[in-house]
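Heads up, the next two complexes both have subunit A, just with different partners, subunit B and then subunit C.
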Partner chain A sequence: MNKYIEINVSHDFTDAPGARNPQDGPDSGEVFYNRLLLPKFEEALKTKSILLVDMDGTFGYATSFISESFGSLSMKFGPELVLKNIKIKSDEDDGLKTYIKSTIKNPEKA
Partner chain B sequence: MKKRYYVLLIMTFTTGLYLGFIFKNVPFFELNTKIDIVAAGNLLLVLFLALLIPLYVTDKLGDKRSEKNLLIEELVILCQKLERINNFLESRADQTFSAEDFIKTLSLFKSARQHLWSIETALTQLEQTEVTNQTNELKKKITAYWESVTGPKGIKKNDSYTLKRTFLFSLHLPYEHTQSHARKLKFIINKA
Partner chain C sequence: MTHNENEVIFSIQAPEECSMIEYPEKAISFFNSAEKAYKQAIQLAREQKKTARIVYDLSRSVIFTETSIVILIAHIKDRNINRGLPSILTFPKDKVCEHKLRKAGIQKKVGASNIDHDDAQVQKISNLQVTNKIAKQIVIDSSIFLYKKDIRIKELYSILIELMANTNNHADSENTAIYPWWLFLFKDEKKEIIKFVFLDLGVGIFESLPVKQFIIKEPLSFLQVKTGSVKRRGEELNKIFSALISGKIKSSTGLPTRGKGLPLIAKIAKSGHFCSFKIISNDAYIDVTNNEVSAMNENFSGTLYYFELKKSIL
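== the complex of A and B ==
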C-alpha cells in the first residue's frame, strides 16, 4: 500500500497559476517549483511515498508554468525517478496529465 | 456491402435464367406472350425496390448517422471555442494584457481542450482508423496552439505586459492548423 503526500495546486498555491518566472508575473512555475513541488517531492522520496499533484480547481495552466515546474523537477532527478514517484490528478482537463508526463519525459524540449 | 450487392446480382441473374428455362420447358406453365409492358415494368420496379430498401436504405439508416451528426456538432462547438480564443487575443493587440486577460485566456484554452478530450471516446467508438488518427492529430494541433500562446515566448501574467501584434502574427499558423484539422475531421466523420 503506497503512502501519499499531496499537493493541491488550487488550495495550496493558487487557483490562477502564472507563467514561467517571477519576472513574468506572480504565481509562476518557478515559485511553485521552489515553494511546493521540490520540497514535497524530496519529502516523498525520503518517506518512500508517492507525491500526488492535484491539478484541478484552477482556471487553467500556461505551458510555460508546467515546463518550468515539472521540467525542472525532471532535470534535477531524472525522468524515471520522477515518473515513478509522482502521480498527477486532472479530472477537469483530461489531456493535462499526458502533457505533464511528456514534459517530465522530455524536460529539455520544454 | 459491395460484395453482398454483387452476390445478390449474380443470384438474381441465375434465378432469372432458371425461371426462363422452366417456363420454356415445363409443360404445366404457359407463357402469355401478350404481356402489358407497363405492368411488367411496374412488377420489376416493385421487385427492385423490395430488394433495394432492405439492403441499401436500412444499412444507411443504421450507419451511426445520428452519432456522426452529434460528433460533427460537437466539433463545430470546438471550432467556435477556438475562434473565441483567437478573437479575444486579437482584440488585445498592442494593448496591455492584464493578469485578468491572462487568466481568461487560460480558462478558454482549458475549456476548448477539455471539449476535445471529452468527445474523444465517442470519436474512437466510430471504430474508423482514419477518424482516430485525425483525432490524435487534432489533439496535437490544439496542444501546439496552446504552447504557442502560453509557452516561454507567450503571454505573461503581468500587468505591464503588452500583447504585440507581431506575436499575434506568429499565432496565425498554429491557430489555422487547428481549425483546418477540425474541419478535416468533420468531413472524415461525415464520410465514415
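== the complex of A and C ==
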C-alpha cells in the first residue's frame, strides 16, 4: 500500500493563489514551489511515498501559478519521475487536474 | 486652445456618444486628443512660462458609458498621461449622463491626487502588482451581490489574476510595468449583472514584443497588415488573436513556459458566467464571446477588457 504525504494548498499555503513570481505579487507559484512543493516532493522521494496535492478549496488558479510550480518541478526531476510520485486531487475542477498533468508532461510547452 | 495672462488652457470636446463598446472609434479619438493635449500643453507652458490645464468638455455628451469613465479617470489620475497637469471637467448638459458620471465618483475639479466616489455600487482599484487578496474580495462581493451568498466563482478569480499578471507581461521583459492597471466594477441591480472594466495602458496586445516577433516570422501576408484595408486588417488581427489564444504566441519574456494567460481568459469568457466579453487593444476590437475580431480606424494605446458577470446556474 502506498504511503502519502499531503499538501493541501488552501490549508497549507493560501486559498487565494497569486501569479508566477514574488515580483508579480504575493503567494506566487514560485513561493509555493520553494516553500512546499519542492521540499515535500523530495521528502516523498526519500520516504518512497506519493505526494498528494489537494488543489480544492481555493478561489482558483492562474496558469502562471501552475506552470511556475508544477512546471519547475517537472523541469528539475523530469516528467516521468514526477508523474510517478505525485497525485493531484481536484474534485472541484477536473480540467485543472488535466492541465497540471499536461504541464508536468510538457513543462516547456506549459 | 485658449490663453490668459498666466495660463494655457486646452479644451477637448467629448463626442455625444462616448463609449468604448458601442462607439469605440469616437471614444478613442477623444482620448487620443486628450493625451496629445497634455503633451502640447506642458510644452507650451514651459516655453511661455505659464501654468497649464486641460478641460474635458463633456457638455454635449448624452452617452458616457462605464468604459469611457474608467479611461477618463485613468487619464486624470495617471501622471504618465497627464504629466502632472490639472484637469477640469465640464459636465454634460444631459441630466441622466451627468448623474451617471457623478455616481461613478467624478467630481468637477479633479487633480492627480484623488477622485471620490460616493456610491457603493462602484468599486475602483488601481495597482501595479497582482493582488490576490483584492481578487478574492471581489469574488466574495460579487457572489454576495448576485447569489446572496459567499460562492467561490473560480472563473472570475482566475480571470482577475490573469489580467493583473498580463499587465506586467505585456511590458518589455527587461522592465517592470510603468503603467498601473485599473479595475472598476459597476453593479447593476436591475439587470442583476456586474460590469467589469479592466484597463491596462501599456503598449497593447498587438503592439507587444511577442506579437511583433510573431509577425516577422510569419509569411509575407502579415507584413502587409498596416497597408491593407480595414477588412483585410481585421482578417489579419483575427489570425493573430487566434494564434494568441491557442498559445502559439508566447509572452514577452521569451520563456517557453509563459503566454498561457490569454488562452485561459478566452476559454473562461465562454464558460457561461459572462454575458458579454470584449477586448479593445490597439486597432483591434474583439468580441471574445462570439469569436469576432474586427479592425478599427483608430488606435487605442493599451488594452481594455470589458465583461459582464451574470447570475448563472451553478
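Everything below uses one rule, namely that the second predicted complex is superposed on the first by the 110 of 110 C-alpha atoms of A that agree within 3 Å, B and C clash if a C-alpha of one lies under 4 Å from a C-alpha of the other, contacts with A are read in each partner's own complex, and residues count from 1 in each chain.
Quick note on the criterion: contacts are C-beta pairs under 8 Å (C-beta built on N, C-alpha and C of every residue); 3 or more make two chains touch, one makes a residue touch a chain.
Keep in mind it's a predicted model, so treat the numbers as computed, not measured.
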item	value
Which of subunit B and subunit C A:64 touches, first, second, both or neither	both
Contacts of A:107 with subunit B and subunit C, given as first, second, both or neither	second
Which superposed partner A:27 touches (first subunit B, second subunit C, both, neither)	both
Which superposed partner A:14 touches (first subunit B, second subunit C, both, neither)	second
Partner chain in contact with A:94 - subunit B first, subunit C second, else both or neither	first
Doubly contacted subunit A residues - partners subunit C and subunit B	16-20, 23-28, 59-65, 67, 92-93
Parts of subunit A lying in touch with subunit B, wherever the complex brings them together	16-20, 23-28, 59-65, 67, 92-96, 99
Subunit A to subunit C touching residues, read off their complex	14-20, 23-28, 58-65, 67-68, 71, 92-93, 107-110
Interfacial residue positions of subunit B with respect to subunit A in the complex	99, 102-103, 105-110, 113-114, 116-118, 120, 139, 143, 146-147, 150-152, 154-159, 161
Touching residues (chain side subunit C, partner subunit A) in the complex	129-133, 135-136, 139, 152, 154-158, 161-162, 164-165, 168, 176, 247, 256-258, 260-261, 263-264
